[in-house]
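Okay, so here's the structure we're looking at.
Letters A, B, C, D, E and F mark the chains as written, and numbering starts fresh at 1 in each.
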């Protein structure tokens, strides 16, 4: 796989400081409406700040004669191989066909990814061992907890191909950002500019939020009119001194 | 809009002290089966005690040529106007067609409503900025968090018309009550009598609950037979002395 | 009903110490894929450790002329009778046809079951009074909170017949196990052997988890190859000294 | 089972001549809103005119160790027994938990029911062998075709108990009426009066329909005002001469 | 209401000769992705060729105290008024919140619309009396048949406001086009140019279809390369002689 | 791709003469429960007799910057390439993630496949131009008609990889069989034995059906007891003379 990482360290840091909500707006301005992995929640909201390149795992439905306990002894099994091969700093994104009736992964494998420096994991299905995951300092996003082992409904079929996850296309290398609200995926070629714009938007929105808490009306403030824009720029010039 | 408020202050206070569960029973006795906004949860359960008149906002699906970022600069945009016009003490109820793929509102607008003295907000879609909303002392109810800005899937079309929210009809001026369980809507003309009955039921149910915790059987107790009724009345007479 | 309880005390204790995730694997090895009540969550995760025989309650949809407030005065009403008849140590499992629009049970009845020594309650519908249930030290599992009284959508029709709950067949006397993740149902005749295997698996998986936290690869470890198996057995022999 | 049939022959004949649409209105006037088996369609619309008492079959989900091909050799298997025991003139109504992933019944069993004089069959799941059923002169209603044999997802558990079918309560002995639109279930004690009212309504609505085809406005006609009512009565008096 | 009709007669005729599939492509070229009323089918495919301006009817959920049989005697009831007021040549589009559990309209009212010269009716809910509608020469589109009268689940609330229908925004005056496949809605200001482009596309696609039936590869043909384009233009020049 | 075809001509012919219902039973006897593409119907039931090897096409969700009209000019576009490359006698099976909001294919491409000798096409999404497909003598299966062009919601990503279709795993080379009821997929290595068993079962079931039409009970007949088995064998011996 191509592991050239075009997102700069500075912008990677910026993405850790912006919300997924702000990112959807920055991407909407670039013509992208569908940028959010729909229907997933953080298992451990306190750990939910995730930025990394997408490394994908694709499941298809299980078939009784193929998906037996013995498959896990094979080191080329895509799920098991993926856990050991995903580069540090990447996010594993799993296409589970929005089927949470069996788990996409569980405590031991996810702990292994954490130990390897992986940035997080997202599935549009479920995780097992969620009581353990809730206290693991590692970002995990799923539709819901799901105790059954993945073989019961899922067959891991390949790694690092473009997939669907939560009704969103995810391409390997896309930048995956998660917070306590959910997960947004930024096409790789837009990552740097989006990070910069979102960071600027966040500064402005924090300033707006403070004004609103002071009792100011949103009219003319959000979105800003000429005068608000000038006021913000003055404040910004001031505060950066 | 007609802002005559027929709910008395005393009954408004009573509604703050009863559960939505008790209210559904009081309304069922009046022939109403469908009184609950289905499928919404409090974003911040600790803040979830809400009573107020309904002020409605209606969304239809977005259309790409109409729903662009520029619409928010227009002060007559129904969502933005609603935020600034809803009277203090009212609850904003949003018809999002049970579509949580984009937000119905977010942190800044909801903070503005809190500052204006609004009583709460309910949508059958989603909210963005929920990590902030979780620590805001303001009752917010939604189907789930949703990062994308509302324009992506929603077009705000009018204010204060009868709407559907969570499969329930909501008329402007109906009394909206929320607790940590969910949201019930009381038709305006039934609000005073329902508040009174629910308060009386709550007294009785609290007494029953204490009896059950003492180990008593529910037979004859809940619902009460003649003898239990007499016992409760005696207790009540006693305790109000 | 037959209350012969074939699960030994030792295995009952073992089931309190294993996860529902591990149980699904032990049952999958016995050819059972469908063992999990799908789509339910613990109301109070801190209280979510439940083991007991299934005692079932079946609902069908309500009919307006039959399901009126007066039915609860009848002591033979299945829901009310079930609350008072379920043996201590059993789990009430409710077939609500996956319809959470009205409650399957509420605070007073559930508190009564707790007082009677019942082990827990599961519904594939909803519970009312969930704000109270969240602080009750009693395992309750449901699809979601639901304020409306059960009569609005449900009619209790019989007790202790085989039912569907969360797309799973549940037979009276099956062993129902719940943790903070969900609920698994073990066919009665497999309960002892499953408990034993799951306890052994848990010992091994805890040991694996510790190895993974030490930085070891999952290859050869999970599932174990010959050498790992020998290593674990040596560790086990050692630690039981 | 109680096979006393309180529906008179005359009213049985009337029910063959009215639409399910008209029946829902007659029942709504009696306070019943939920009278239609939701989500089922006739397999063979040309054969879709069905009237008979409900004889019910209840399925729960299959379990791999119980639901094997050998179960059908047992003459007490509820599905097989039901086929041979349902009285002539009755309608088999099947609770398949709205799960059409496996069939509720197929061509051979349904042909047997036809030969035995059964009035029809309804399931909220699916039928197999629908290409054959489409040319069988026998009313069959299902959610959709479904090739897999019932054992794959269904376990027949009992006969002639109250069930859910398409979100509706169905009690053994209720009167089940089907036409090319769908299926309505009339509580047994209301069957005669409902048949009479529906027949009268049908006469009036046919007269209205003819007036509308002549170009008349619906205002004052449907529903009728005093003058229309008089006109209809005159017409009726005339035409019965 | 504004009944200025900007669609020319020529383009109205063109829209009768193009498919809804072709229209979605013509609109996609103009940046519109969401132009199809999702999930509706023609009741009578043989009659399914519909073109007309949208006249909308909006339903919210019924409430037991408001939605009683007596409401239909009121000539200002929106459903009844709409039937008599919709201009000839228009299409009634009904927002039923995708709820087909009760009918949006039935045989008598729809026959009245046909007599008045209305162009068709679309609902994202259901129709009753569909056995009659199947033989009525009038375009009707719905999610499915539904016997229950609308009052059971629907409350007609207003006419000719922007609505949602099948997840699509529909504005009064938009051009609604239906064929045997489904329904597309063209924003009013794009109707003439879309009709022209779709007619041209149809000519080309019919020519392509004939080539494909002759055994030609789709490569270079569909979409056309330079040489194919020239060939088509030559054919077109020829055939218009 | 490997185009070795292990299904014998004789068994291919047998599969044309058995129902999908019978095939599910033959496969269930081999331990396979999940063999049916769920939720698809034939567009043209009269043409619905399809047997062929699976050739797969996989879609992921569209992304606005990638999925523009210009992609179709690229001959390596997987959908367009697949149409021209699928071998005669094969069935195209499309993974559309059960999303019928945009078409998976339309009239021109499907006609091209017919001209090339392809055996049929199945999608768990929708087809456009279904009014044309309904009169095309070519087996097409889909969830429903869908006018919008595939780019609006789908991005064709690869050919001939294992996919999900209608909740079923489909591997390239599996044998896909369709009739007027639906579609069953037979793992390649089981195709010959399944064809043989299904043909034998069909002979028996046709004989049973004739007996049932003569008025015989299903007890002892279906499934057959010893005596019925002997009777059938005698009949078979006789009729093959």
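Here, a contact is a pair of C-beta atoms (placed from the backbone, for glycine too) under 8 Å apart; a residue touches a chain by one contact, two chains touch by 3 or more.
Note that the structure is predicted; figures quoted are calculated from it, not measured.
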{"item": "Partner chains that chain D and chain F have in common", "value": "E"}
{"item": "Farthest-lying chain, centroid of Cα atoms versus that of chain F", "value": "B"}
{"item": "Centroid-based (C-alpha) most distant chain relative to chain A", "value": "D"}
{"item": "Counterpart interface for D-F, drawn from C-D, B-E or E-F and sharing over half of its contact pairs", "value": "E-F"}
{"item": "Approximate Å spacing (C-alpha centroids) for the pair chain C, chain E", "value": "50"}
{"item": "Chain A and chain F: spacing of chain centres that average the CA atoms, whole Å", "value": "37"}
{"item": "Whole-Å gap separating chain C and chain F, where each centre is the average of the chain's CA atoms", "value": "40"}
{"item": "Residues of chain F whose C-beta touches two or more other chains", "value": "33"}
{"item": "Touch-based graph of the chains, sorted into line, ring, star, complete or other", "value": "other"}
{"item": "Chains that touch, pairwise", "value": "A-B, A-C, A-F, B-C, B-E, C-D, D-E, D-F, E-F"}
{"item": "Footprint of chain F on chain E - complex, ascending", "value": "19-21, 23-25, 28-29, 33, 35-36, 38-39, 41, 45, 179-182, 184, 205, 208-209, 212-213, 215, 217-219, 222-223, 225"}
{"item": "Of chain D, residues touching chain F in the complex", "value": "69, 72-73, 75, 80, 83-84, 101, 103, 106-109, 111-112, 115, 128-131, 134, 144-149, 151-152"}
{"item": "Contact set on chain C toward chain D in their complex", "value": "30-34, 60-66, 97, 99, 155, 157-158, 161-164, 167-169, 187"}
